[in-house]
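The following pair of complexes shares a single chain, chain A, combined with chain B in the former and chain C in the latter.
Coming up: the complex of A and B.
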């Protein structure tokens, strides 16, 4: 599967603190704070390995997490669009 | 300016200047016993006529200072004391860079601080003022200052601004000499200021480690609900006037505060049950 490819800012640009299962992110380039739920932090983590589309992100995540089913790719696609709107990922 | 007064409130030194003597006389009476700053003031507030002739004809007070809100409405001279108070708030809200400013009341016991935050009308000022008369040290009713370096709370014990029904609650509790004049018909209804007690003033330089965050809400049956850390974080960013401008330093300070402090939302039907509930939650958090 090939879809839109995304990139994320390097790790030093985003400070992340876990609070109660959610993650609070401080995005240094924009100065904005975001509160995100899984799998958004995991998507950002996967994207730090380099640009990827939803399928590649899922493959990277499968190496770390026990993910089941094919709906995961759709969910990742949807989360990527939200992360793009928030300015946390972009298309190269 | 023709008349001026300097006040040290916690770590902040103010200079208030005024075209008229009356607002500063009222302010000096209300703030009797506060230390004078021993250094250059952090913030200046100026109470001036809206235009030169308005000094005499139906005088109205415009609030000026280092930081100004362009749309702030001028106030009647009869409410000049309120204008001075609002001017001090405004300078803090817009200009404070050393502390993360939370729109919250705080009280201290045994070196540990309780933070009370919530929307206007939630009763945090009244509750903090009441706790300040019943065994706690009032640190402030309007702003809690979170030190960006060490995560401790600094006291900012300005005069407590009591509104409407809260005025009578505190009049029953505190001697008349600690109250300012009653101001009726202000934009927020009736207001009466209360000077914190000597203990709050003597200890104003003593910081405290935050130990519990409560979100009180007046007017409901007694209830306590847990609040998730991410929600506490979000609510506190909304309750802060300078979170965004502090950038990463504000993020660090606030995430550490939320991570270290238990928190709860509490509803209460009257102030006596609120005090009881606070004591119970405080014991549980200890």
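Coming up: the complex of A and C.
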């Protein structure tokens, strides 16, 4: 599948703290703090390998995880739109 | 879904040693909550704080072009402001613009007065707040 491509800031731009299943992310460039639940942190990790659309992100995550959930690509796409609204990913 | 091989993946530190189940959830399930910075909340009160020009210690004094206090009626000096500036208006002044209700010819004198505020003078805390990084 091909869709909008996204990029994430490099790892050093985001300080991450794991909190019992959630992650708190401090995005240095914006000074904003975000609480994210899976699969958002995993999407960000997948994007750090380079720009990708939802399908490519899914493929990268499948290499690491057993993914559960129907309509995975739709779910990833929805998360990407959320992450974009939060300023954690952008379109190149 | 789970039939893919457990590939080694380029040495990325993130690759788990054992495969983990990751639930993607429904498309409608939100996973990101953004916390506004604490300073963003204080910004509201900062912008509502007040700076009297001049302060009560110099009530009635005029403000020279350099922001100093001068005798009432001094030529070229700006008269006292009828009401204190709020933080937002002070910010506008310090950016070199003129807030509503302020004589543009006097704006520079008022801006310089604010810049010369020192600790202990009325309005200083408000001015200092405006200087804080976001």
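Throughout what follows, the second predicted complex is superposed on the first by the 89 of 92 C-alpha atoms of A that agree within 3 Å, B and C clash if a C-alpha of one lies under 4 Å from a C-alpha of the other, contacts with A are read in each partner's own complex, and residues count from 1 in each chain.
Simple rule for what comes next: a contact is a pair of C-beta atoms (placed from the backbone, for glycine too) under 8 Å apart; a residue touches a chain by one contact, two chains touch by 3 or more.
Bear in mind that the values here come from a model prediction, so they are computed numbers and not experimental data.
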Partner chain in contact with A:19 - chain B first, chain C second, else both or neither: first
Partner chain(s) touched by A:68 [first = chain B, second = chain C, both, neither]: second
Between chain B and chain C, more extensive residue contact with chain A: C
Partner chain(s) touched by A:53 [first = chain B, second = chain C, both, neither]: neither
Partner chain(s) touched by A:76 [first = chain B, second = chain C, both, neither]: second
Which superposed partner A:86 touches (first chain B, second chain C, both, neither): second
Which of chain B and chain C A:31 touches, first, second, both or neither: both
Chain A residues contacted in one complex by chain B, in the other by chain C: 31, 33, 35
Residues on chain B engaged by chain A in the complex (per definition of touch): 228-230, 232-234, 237, 243-244, 247-248, 251-252, 255, 258-259
Chain C partner contacts - residues on chain A that touch it in the complex: 31-40, 42, 45, 49, 61-69, 71-72, 74-79, 82-83, 85-86, 88
Touching residues (chain side chain A, partner chain B) in the complex: 15, 17, 19-22, 24, 26, 28, 31, 33, 35
Chain A partner contacts - residues on chain C that touch it in the complex: 1-2, 4, 7, 9, 12, 14-16, 19-28, 30-37, 134
